[in-house]
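Read from first to last, the chains carry the letters A, B, C and D; within each, the first residue is number 1.
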Amino acid sequence: MQHLTIVTTGGTIDKIYFDDKSTFQIGAPQIGEILQQLGVAFSFEVVPVLRKDSLHLDDADRAAVRAAIEQQTHRHILITHGTDTMVETARALAGLAGKVIVLTGALNPALFKGSDAVFNIGCAVGAVQTLPDGVYIAMNGRIWDPARVRKNVEANRFESL
Amino acid sequence: MQHLTIVTTGGTIDKIYFDDKSTFQIGAPQIGEILQQLGVAFSFEVVPVLRKDSLHLDDADRAAVRAAIEQQTHRHILITHGTDTMVETARALAGLAGKVIVLTGALNPALFKGSDAVFNIGCAVGAVQTLPDGVYIAMNGRIWDPARVRKNVEANRFESL
Amino acid sequence: MQHLTIVTTGGTIDKIYFDDKSTFQIGAPQIGEILQQLGVAFSFEVVPVLRKDSLHLDDADRAAVRAAIEQQTHRHILITHGTDTMVETARALAGLAGKVIVLTGALNPALFKGSDAVFNIGCAVGAVQTLPDGVYIAMNGRIWDPARVRKNVEANRFESL
Amino acid sequence: MQHLTIVTTGGTIDKIYFDDKSTFQIGAPQIGEILQQLGVAFSFEVVPVLRKDSLHLDDADRAAVRAAIEQQTHRHILITHGTDTMVETARALAGLAGKVIVLTGALNPALFKGSDAVFNIGCAVGAVQTLPDGVYIAMNGRIWDPARVRKNVEANRFESL
């Protein structure tokens, strides 16, 4: 893998805290800065498409993500996405020819100590360059087929269907 | 991947600082605690084989690592290793049947802010479950064939031969 | 200072993120664990009185904090508190005899990377043992007289009145 | 306190890891960047005088530190210093008129997760602005009189003489 295209859609991974509003909102994508600091041995670009909590994504949003990917010339695509509807978006991306697409995100914001964000990005990066064309989810240290995984909201983790 | 066997050999990833000696030494393996806290969706065990700076590994050490892996019943093996001779050890593990082996480590100790350790472990975990049998290196966000990679000591990064 | 009594009331310093609710709530007090890990050379106890965003504190809450402090036998009191009404609570504690009271908190949750929580706690600890009896606020690296400070909400910092 | 003068001398607080040398060396002072990011409500300047492990400081070094402080026009001085001979340096600074001087440092490098550096800097900042003229040490959450403290090397902490 010489180049990685990163599509960002928002989600917990990018949440930051605004004290003046006593609230938590989705900020700018963290992943570019993270990979820059780590000194990865491939080039990458960040394509911000949405900045939403994934509970608020609708069909038009998913069509926008799909359209953004279709326009890319490179084969390897990593998508950062909220966890609540990550599986739904992954299924909506089925059938894109000539692309390896891995979706990942975080159960805790990347800016939190002990966040799973960097580990999950690592899993996605390790998997995207070794998998055949298709759509996959990298969460909880596993590479999942979107047709056979769900988020267990109570346990706050991904598990096999 | 239901289960991951983790072989630890020391290296920078496990270095800690001893103020009373004004020195930096290899401590207990960090990887088990890291994966525990991340809540990974697979079982794992940590098999400590060595606790050395990889510059000090010799043929007997590499034979011990190989023997330890041969005794494992599971297919997926992740090895944490110092970066200076990681390539050499990877080559010494060639030919182990029925195993996917990924070596990783860190250019900065896992306990350092901004360390590459968690990201590298993520890459290795993402790759080990998607690759065919063989030996691989996961460093700088790339999955490398040990026959075609080297550590560039001056630039402090892995690159293609 | 041989002993420090710590009164906790909630606030941003203790906020944690609940992904299953996509929300941010006040968790258990962080300060005890922080001081434990730092290995401080004094004994301390944590007295949890409230667990609220300081915007929601009312007169009864402030009376409860005052009553909790009056019951303490030790002289040095550190209070963790939300920043929005920290000044108001500090003023409501005026006149407690034989006590040095320092209020502190955080503009970013203690669990956030780059949070000001640990630094602010340090300032409060350094000041509480060196000040005469009275009530003080430790924020933004300054020790403030509650009669002459305010939180500038827009700039998200404390400043002189 | 409107202004804080910071004199840096090296020590563990500024240690960084050089993987290419498998060693740990004293880097550029961390404290300026730390205070900048925290958004402190006072101005400050960093005066780098030495960059040494404090075990290697001699009388000439201590004279240089004293001379550097004598040249400062501001009253509040914070010194970052290695812990091994911090007490010795503090005693060598006795008698400087019109100055409050607080020495601090770290038992673990500032760049380490869980380092005491930020907390110690906080303690020193909180104390320096509230103390009368004199020389003090801020370590392990206590403000010490240099005449009555020592570093217990085995226990790796400061304690009363």
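Remarks
Basically, a residue touches a chain if its C-beta (ideal position, glycine included) is under 8 Å from a C-beta of that chain, and two chains touch if they have at least 3 such contacts.
Since the model is a prediction, treat every value here as computed from it, not as a measurement.
The chain with its CA mean position farthest from that of subunit A is D.
For the touching copies subunit A and subunit C, the fraction of interface residue numbers used by both exceeds half; the interface is of the same-residue type.
Between the Cα centres of subunit A and subunit B there is a gap of 26 Å. Taking the mean of the C-alpha atoms as each chain's centre, subunit B and subunit C sit 43 Å apart.
Averaging C-alpha coordinates per chain places the centre of subunit A 37 Å away from that of subunit C. Among the residues of subunit C, those touching two or more other chains are numbered 107, 114. Residues of subunit D that touch subunit B in their complex: 12, 15, 17, 19-20, 22-24, 53, 55, 83-84, 107-109, 111-114, 153-154, 156.
On the side of subunit C, the complex with subunit D involves touching residues 1, 34-35, 37-42, 107, 114, 116, 118-127, 129-131, 138-143, 157-159.
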